[in-house]
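Same chain, two partners: subunit A is paired with subunit B first, then with subunit C.
Entry: the complex of A and B
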């Protein structure tokens, strides 16, 4: 086990509730891969979209506070949720460039900023820190014959110069990870389109329209399933899928996996440890058909 | 409904407000040359009465009231596509944040109440509990927006799948979050922050 692969883990609110299977599968997968995760004690909500929507100073302060808490735990910060990742990286970016905002945030959290630690999304840790070669050696059940549509959504790569995870308009990091564990990927049009995100609460009609286009595109490209790295994207694609099928008179039946669940299957973790039973669109028939269960 | 005719004159152009937006967003609306790339890529433009490029044009002309009166700013999903693709590096997503903040602080005048209600409840939850609890958020939203039956069919399914937690714990360091909120309020009272 590589001693350098230890991280302070920031799950974010969704992973403790509606995205419990993302949290579970992340812990199980990282354990198998020999990557240490220590959850940051008493982390706070990052403020998500509502905070930066109406109160940037609050959003920056919440992120700075979380980075201060993370600083007490060994290792770079590992973030699972694409939205939390985006907020934390944005805070680093803005506070690094704007002295006025920096001073305001220091006053708000009543402490000097400790925001220089690295903030990494799980994808970054798997693809770069662990490395695809080492990931390949952990695979004992390659996902042969499984056609995956990798869905990035908005915040993993945008805007330019902020997340710095991969190319903003033509990223390949998800495809590279999932091809490493034996799956096929499809070329499709809606990899980076918005799912409607938190409008799921206030204006679900928006989500139904945008998410339908994503499901339609994945289906047309011949995908068996969609892979995501964000609990909001997952909620909209998975939880609302039945409703969308009803509205558009469509039949998608498209399981939506978290990246850690699919990679988890390839390293031999069983369904229970990956929380596959929590998925609303049942993935079992597909996995049985492909001989993966 | 017939639209009010727009008159551009010294009386109707309020550029001070626009300067405030630029300061908050740390970007310039003047750099925009109306290529329309932001609106072409905007997933939400279809729901807005003023697509993103027109929001910027109205700001350039000092016609911010027209923007705030509508629902456009509240229908922005913060997907950052516009900021990413702008050839002039206008940070439009940040401008949307600044407009929402100024509109929010002034408690008006947009009619888009659902998005604002969701934001308000979300922020109240952070202040009270330190984290977001989706079950509480959704339940209170439905009650306060008068949509008692919204997503009613989803609830039991989500609870059965363990996706909605009926109970939750509180952070041990909750007092620190309250301090952050109240320090920011204090700074604003003293005029030290917008």
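Entry: the complex of A and C
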């Protein structure tokens, strides 16, 4: 129980930009939970979707270099963004079994590969390293009565054998975490569907169609809010929600929380420390109604 | 002085492509003790064997080395040829220069040098070979058939029709297996019951067949020609001799809502039951887990109404021992279930289909029961959830099969055909319905098979969509099927009333445990392994044990029946002789040196090592030593490697021979 948990923290670009509240709430929550985070000095972009679509070697090299930087910091690598997590895990997976690519990457980054350290998503750290029992002891404002639709999106668990976070097609890790802090979860159909991701810039019409189906399904299942663990999913569901409601003539009014925000509320963190004011769909009426403010 | 003949085979080009066979023959001709060496294109062919025999006689050869393929392939062939030429067959050895040399090397020079070394080693070894007399053992001309599905029934009938006694053991209360569950069969659509049940009756009435149902194999001892099999007869709670099969007990049993496994749990049965009305034997069995008497000690209605007094609550499991000479394993298959898999299983379930939690997503076998005239719906296609007729039905092939990421790489072989059949049955029963099939490939080799598949599309209006389904979810009373049509390159979404999954064929549960009892090998999926994929497809590597049906790999009915008859023919070949000749490659104990530690007995996987008392002339016990029963010994050599005092030697593989081989290098 007394083991100290320390991680090298890789926020990823989004958390320093549009998902600032994810970064803020992560730091605050981990502080309360007694989990040490040291931001990796000089970390840079994982390459995200553009890099691996254009040049695999570039994508692998960017991840490998970041992992090399992380290796200098104590602890496993903690990753918040689902896309960064996916890219880093993919790089580990590909380089772990392909010697030719390994050599190419070593040449590109001009250093021996250091990819054997563990890359962990925040969910993994909370659910497994910290453990649900310890999480439960930190709760002082249980989310009683709050019905949460846990949204995984595409990347947290896929593809099979790469992220190894949970069961690929029927994961429960988000539900287990949020139920531990007192919330109810709903059984819904679209928790692993794609939100359209970065097509939000090039093909917004497609994204609106996909996100509408997700919001519709969450609403139909009786959820009060959606919980996500990815900045891009968050953007598509939260920022575009008004627009979706307009196009489909719907009324969702569905706050979209980061997992660290909801868990943060349960351990007694204030709204400003969780960046709740940065959410586009205002969560305050819901939180007031449930007595969580 | 030995006069050894060495015969180098080209194996067509298999060896000569990478090994300079002429050079090997020339080099080995100079080896001390070699009197003759030559090469030939196909040494195993008739001219090749004639060459070998002629050389033995003309050159007065004392030993022979054939440098060719693996001894697993042709050792028997060449030893027979050597015997025909008048030499003891065990004075012939094979040097494997194909699998161990030509197939695994590319450089001719290196491969040739290695081939010369391999042949040289075998020459040194064969010099130390002894004349070994053939071992003969008696043959018990009775066969055991394990499994009473179509494979076991066919094998049992074929063997029994030749006049040999057959013991047929079936785990379930009735024989019939999966075939009895089917509605109609491809490619002729004849009803399964109509072709199956008469065969079941033949088994019941056959004077040479002894049937044990509701029974399992407990223990198998012995060896080819001489097995002792212990069979556990599970308590039926009904006396088979007294029961007349009138069925009154079943009509009166108050427990009527127990899911019937035979009907894939969609139909119900009583606690005292026969799985289906045409069951053989037609003797009910009490399901003790669900019977009120066994649960609470109250009820006993069945006992009261039974006229002949056949119901016996006191009946116990009992063990029966049968002596047989051959065993046919026909344990069949089980269907892959998409439900969540237990932790640690290499097979992953279908979370994207809700792990089987949507009630109207059923498997192919359940569809068979719905379509069967004797099924729980009387042959009407109705949804398990609300009993409505589905107007849009989606069939998805390759569930589990050919899905490496889910843990199974193989093709289940029958699903393309039975799905085509299902679309026809559906179309015949629901005229205004529409069937869709998602498929990866249509694999329809077989007589009249492709024509059958085409018919489902062209005449029975099934819509085939090439592509897989990514997700199923319930939306109101519909099931949304999200898939892709890769031929057009679009995503497809169908709101279906029912979904039928063509789930993979897997070996029967417990196949591995049975294999361990029998001492036969199985693959990573637990399908039983044949001795040779092409040339010995119905025999196990363990002598005297044969395979029939889907326990060896996915098979349809015609193929299963063929294999069962083939296995029966192999059994009959064995039974055509009164004595059996066994290869004398067995271990022998040097009793003078044996200290009786029995380390060899502990490691012997075949139970061949016995304890033997050495007494003096007055009958006083001097010591107890190990004795290897040559009838049981499989010649694996484990005892030889284990013996701390080096007192066990395996004939043909003695330490002296192995050291001679090493020294030749």
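Operating definition for what follows: the second predicted complex is superposed on the first by the 289 of 293 C-alpha atoms of A that agree within 3 Å, B and C clash if a C-alpha of one lies under 4 Å from a C-alpha of the other, contacts with A are read in each partner's own complex, and residues count from 1 in each chain.
The rule we apply is simple: a contact is a pair of C-beta atoms (placed from the backbone, for glycine too) under 8 Å apart; a residue touches a chain by one contact, two chains touch by 3 or more.
Please read these numbers as outputs of a predicted model, since none were measured by experiment.
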For the overlay on subunit A, clash or fit between subunit B and subunit C?
clash
So, does A:169 touch the first partner subunit B, the second partner subunit C, both, or neither?
both
For A:199, using the defined touch cut-off, is the partner it touches subunit B, subunit C, both, or neither? Pick first, second, both or neither.
first
Taking the superposition as given, does A:80 touch the first partner, subunit B, the second, subunit C, both, or neither?
neither
Applying the touch criterion given at the start, work out whether A:29 contacts subunit B, subunit C, both or neither, answering first, second, both or neither.
neither
Tell me the contact category for A:160 with respect to subunit B and subunit C: first, second, both or neither.
both
More residues of subunit A are touched by which partner: subunit B or subunit C?
B
For A:189, is the partner it touches subunit B (first), subunit C (second), both, or none of the two (neither)?
second
Quick check for you: in the superposed arrangement, does A:104 touch first (subunit B), second (subunit C), both or neither?
first
Going by the overlay, flag which of 1-9, 37-45 or 145-153 in subunit B ends up clashing with subunit C.
37-45
So which positions on subunit A get touched by both subunit B and subunit C?
159-160, 168-169, 193
Hey, which residues of subunit B end up touching subunit A in the complex?
24, 26, 43-44, 47, 75, 77-81, 83-84, 91, 93, 97-98, 100-101, 104, 114-115, 117-119, 122-123, 125-126, 130-135, 137-138, 141, 150-151, 154, 157-158, 161-165, 168, 171-173, 176-177, 179-181, 183-184, 187, 192-194
Report the residues of subunit A in contact with subunit C in the complex, numbered from low to high.
159-161, 167-171, 189, 192-193
Which residues of subunit A touch subunit B in the complex?
13-14, 16-20, 41-45, 47-58, 61-62, 65, 94, 97-98, 101, 104, 107-110, 154-155, 158-160, 168-169, 193-194, 196-199, 201-204, 206, 210, 239, 243, 277-280
If we count contacts the way the header does, which residues on subunit C are in touch with subunit A in the complex?
340, 348-352, 354-355, 405, 471, 473-475, 480
